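Sharing a structure, written as structure tokens. Questions coming.
Per-chain residue numbering starts at 1, and chain names A, B, C, D and E are given in the order in which the chains are listed.
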Amino acid sequence: MRIAVSDASFTPPRVQGRNTRKGLTTLSMMPPLEFIIKMGIYALMTVCVAGALLSVLFRNLFHAALALTGVLLGIAGIYLALHADFLAMIQVLIYVGAVMTLVIFAIMLTERFGDASLRQFNHQSWAALGGGILLLTFLVRMIQTTPWPVKNQAALASPAVTVVQLGEALLGPYVFPFEIISVILIAALIGAIVVARKDLEA
Amino acid sequence: MIIPLEHFLIFAAVLFVIGLCGTLVRRNIVGILMSIELMLNAVNINLVAFSRSTSLDPVTGQIFAIFVVALAAAAVAVGLAIVIALYRVRKTICADEISLLKW
Amino acid sequence: MFFGSGVIKGMLVTLKAFAASYFRGPDKGGIFTVQYPEQRLAEKENFRNFPFLVYDKTPDNLRCVACDICAKECPPKCITIVREFDKDNKPLKRPAVFSIDHTVCMNCGICEEACPFDAIFMDHNFEIASTDRQGDLLLQKEALLKSNDYFNKIRPTDASAIDAKRAEAEAKKKAAEQAAAAKAAAAAAAPKLAAAAADKPAVPTEPPKTV
Amino acid sequence: MTTRTNSLKTTMQTSKNYEVRDPQSSIETQTLAINVGPQHPSTHGVFRMNVVLDGEVVTSLKPVMGYLHRNHEQIAENMSYAASMPYTDRLDYFNSMTNNFGWALTVEKLAAIDVPERVEYVRVIMAELTRLVNHVSAIGFLLNDLGAFFTPVLYAFREREKILDIFEEVSGSRMMCNYFRFGGLRRDVTPAVLEKIRGIVNKFPAFLDEFETLLTKNEILCMRCQNVGILPRDLAVNASITGPLLRASGVNYDIRKVDGYSVYNRFEFKVPLGPKGDVYDRYYVRILEMRESLKILDQALKGIPAGEIMAKKMLPFVKSPRNFKPPVGEAYGRVEGPKGELGFYVVSDGTAQPWRYHVRAPSFINLTILEDMCRGQKLADAIVILGSIDIVLGEVDR
Amino acid sequence: MEFMDQIFVNLKSTVLTLAGGFLPPWAVILLCAAISLGVIAVIGPVTMMYLTLIERKVLARMQNRIGPNRTGPWGLLQPLADGIKMLTKEDIVPKNADRIVHLVAPILIVIPALLVFAVIPFGKNMIPADLSVGVLYFLSISSTTTIAIFSASWASRNKYSLLGGMRAVAQMISYEIPMVLSVVPILLVTQSLSTGAIVRAQGAYGGWGWFVFTPWGFAAFITFFLCAVAECNRSPFDLPEAESEIVAGFHTEYSGMKFALFYMAEFMNAFTLSALAATLFLGGWQGPWLPSWAWFFIKTYALIFIMLWFRGTLPRFRVDQMMNLAWKFLLPLSLINILVAGFWHFANPPLAIGGSIAMLWASGWIFTRLNRDYTPEKRTYLFGE
């Protein structure tokens, strides 16, 4: 994990650790800082899990939506921890900016008085819980046992994926999926408008 | 990377299971849509974690994650449009009351 | 001409006002605010606030004769007058009680117009806020009394016109008294003359010419 | 959130740009009934509108009035004629001079008092000055409802202050003037005051030009005001609307021209008419009317004769107004107030107190068509239309 | 000049070297971050407090009056007085309001307003955090306020605030897209998302290198500034809190410190958005004689003056007109602008300048003609005799 501390920021060059010319510092030899950052990420993870649980369990749907917004922001933080800066910003912009607003609008349009008092969960809640825990144990066992081909430590500290690389990849090898996505988005747009439009031909 | 890959995968798995339970348990369609969002995000974390730690070309995972985000947005848009239209006609959005294919 | 031109021209007006407020004088578009407690606006002579009673020289010889015209004329009926009676309750030409209820009075100035004895006029003092609604807003006679020269100070033209009128009426009255005194003296002397010159017809003394 | 009641069942074809279709036929959406209540920043005083909104569009609007009712007409029947003159100041507290003018005119018609020349000229000057004050502030408040943060109002008030100083110097009080008497005036106008009035009248056109550059061609104002709250000619005439509202809809009816009361027929001025009758026309007709008033003031200031200020007939009643007993009979005097035709109807039974006293308040009558203009418009427009009618609650509720 | 220019950076490095003496190296890094955070935590609220005073003074001067001058010399202590008043005011929560969300909403609004300061280049080498995705960070964080405003209006269970909330969401979304698109030409030309790089790219040939002097830059600046004014709900677009129509819009039911938070968030948004506009288009801290941070504050406060000037003059848009301006005028203009920026970048000079200006002028003319029914009509007034 490196802090986005480049030479143009407030820190004077002399004091930092080994300062590679690319303006990035590797802090392997500063254990306390690593410890703080590690604790930060674990805290963020627990916050996300707690938010996810809340968003599933809240009776009032509006509170569930706010909890989900918290989870999404947490996940953006996790992306930062994984050096995916661009993706974190995209996540905040699209999910929290647009998708959650849409969800909250839908909640507001469809909520009727006294909805919160109805039964929010159907009868299969226990079965679903059991199946879920079963699945979780299986997944965790699988994660711990398989030997993941993790790269060596030095490569791991390679710099973050810059926007330029992403741009070239999007319009280089992945140009076909990129065009298909735009077609899908247009289709979704038209579909949403046609379905939700108040029919005026009365 | 000071956090080993396994921790990210476990975190994503937990999120995925919570989303799955939410989808199965919720009666309100908008609630179900929100839980599906949660599952998609869990998958995204896995993608980014793998691209960061294992794949030779770190860009592919993030590209895939961007596509997933775009698709999820489109899915929610259409899903909620259907929900609003449904609510206007049947004035209820409880999933188990909308079982008929025709109304 | 193009879409935003009206908006821009309008904004230039406010910008001009913004600049003028720093560089222009008060009457050429600049700031004309009068900082109230420190600076004050010149008081207009005809300004009317709550009425007050006028007395000449000493507070007890009041001009008001308790004729109650102003109380009858006042639209919201906020003046109450009680006439004073001396020992053997003969009515005197002075009010024992004269009170104006400031919460009711709308300082319309009709009492000033209707008063035949120039006793009540509209004041200029407007800083009379009070903390208690019931107590001191019902002003009694003592609080209402103001001297004639205060009246001259705040409303010079009206006051001088009224003083001139009163002085002239005074002079006329004195002249009438002298004439009456002279007539009385002449009447007292007349019987002697009549006795002396019973046979001479009385000369018709023509009445003193009123000027 | 009240669901829509069946009272909207009938299909009402009112103003052409929105027809309220039968709600049951299409998918029913929830309407929002809100109280643009007595305590609201832009209802020009204590006035309430029960608005039923479908989204942002107003479907029905019921005005609720009477919060400022002070029983003015009953009080006037228990007081002498002259004593109710200060109460007419409180009718439309923005233009007390025109209210006094109306009441003085009515009683003069009742008791057949002829008024000296100089008084007629001074009355016209004071009435036209009040028209300037009222129109300038009305436009200022309209801009306030549109959202311009107080700048037009404060420019308007800067000019209004100068005119109110004149009223204070002449009558003794800035807004509650109580200056007119039956057959004359309370006090004469000194030459110094006439000089000051001439100064104001000379400087006013420059202010008006600056005001117009700020507002008339402003695109946002045009967008917000054009084709909003259109008042068709026939509806205006049927609902007996008077004043700038009527002239904005193109009906040529100005009492100063129709009756030619006082000395108005001696002055040469024109009556501006609006082509469409929407909020923009009402705004611009008021500006043109101000320019006409300035012409009248010019001519009046030039032609004002000398002379005494109280009719011979009324001299004995100056000192004792309460024993002025007009002959038995009734009279209806009307004046072209800035807000419309301000009429006073009085029936006298020969005693010192009127037997019946009624005020025709233009704001009250202009308010009756508020719903017709607002239906189909947005909520923001309903507030602007109310502002364009230019009501004062003192006159509406009396 | 170099000394004045880097005065703050040198100040900080001296403090760090002093601390370096007795603190372990990793603590020095934390201290450096802490100093930056402290500076932002001070600049944010202080700019907000004195922006309220500047707004009241400027508006007063436009209306021929003086503005607050009783509290302290020239009214300088007025923000203090306002702050104390806000603190002592009773904090009323409506009975059937949603208590938790009613409390959370103001906090949700202030957090993005403060987070956004991290990316603004206050001067040369004075960027709190020069992220490689700086501009995108700014835009995405400021887009989260939509949810906060809507939850504020939805939680206070009041019809006026519901109307205000709906208007706010409609306005924020429809003005976010033209804002993001109007920034794209800048990113095309500088090939980097970081604000520091953008400002350095505008340093060419003296003061004329600013992007606002290029045709596409000017069009993008107009679009961006209008969207910025709409984004922080200020004057011609202050529909969400339209006093004359819906009392106080989404913060009708807020009083005391919560209302102060809304008020602070609005002004900090105004400051940060004008700072970003100055950074992107007016060459951030680039400037001939004065120190770099002085240039930054001059440009930012010039843009803030324009926002106040809007507030002093213009009436308010109606909901549909506001949406129409965004979707049918600003959005197509910013799309065309990206095309023109590309053309400008690759065509050789004479053709580039003439071509892009012609393209922009034509598109502007076409869009105004397409929106004909929103342009003012000519009216003739006749005079009856």
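Following the convention adopted for this analysis, a residue touches a chain if its C-beta (ideal position, glycine included) is under 8 Å from a C-beta of that chain, and two chains touch if they have at least 3 such contacts.
Note that this is a predicted model, so its numbers are computed, not measured.
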item: Most central chain, Cα average position; value: E
item: Chain pair with the most C-beta contacts; value: A-B
item: Farthest-lying chain, centroid of Cα atoms versus that of chain E; value: C
item: Mean-CA-position distance for chain D and chain A (Å); value: 63
item: Whole-Å gap between the CA centroids of chain A and chain B; value: 11
item: Distance between the centres, which are taken as Cα means, of chain E and chain D, whole angstrom; value: 43
item: Length of the line joining the C-alpha centres of chain A and chain E, rounded to whole Å; value: 27
item: For chain C, residues that touch 2 or more chains besides their own; value: 3, 6-7, 10, 13-14, 17, 32
item: Residues of chain D touching at least two other chains; value: 27, 29, 151, 155, 158, 214, 217-220, 222
item: Sites on chain A at which at least two other chains make contact; value: 86, 90, 98, 105
item: Complex interface listing, chain B residues touching chain A; value: 1-11, 13-22, 24-28, 30-31, 33-35, 37-38, 41, 44-45, 48-49, 51-54, 58-60, 62-63, 65-67, 69-78, 80-85, 87, 91, 93-96
item: Touch list for chain E against partner chain C, complex; value: 58, 61-66, 309-310, 312-314, 364, 368, 375-376
item: Chain A - residues contacting chain E, complex; value: 3-6, 8-12, 14-17, 27, 30, 32-33, 36, 60, 62-63, 66, 69, 73, 85-86, 89-90, 92-93, 96-98, 100-101, 104-105, 108, 160, 162-164
item: Sites on chain C touched by chain D in the complex; value: 3-7, 9-10, 12-14, 17, 32, 44-48, 69, 72-75, 106-110, 113-114, 116, 122
item: In the complex, chain D residues that touch chain E; value: 32, 34, 40-42, 53, 56, 143-151, 154-155, 158, 214, 217-224, 226, 247, 252, 254, 257, 270-276, 280-281, 284-285, 288, 378-381, 383
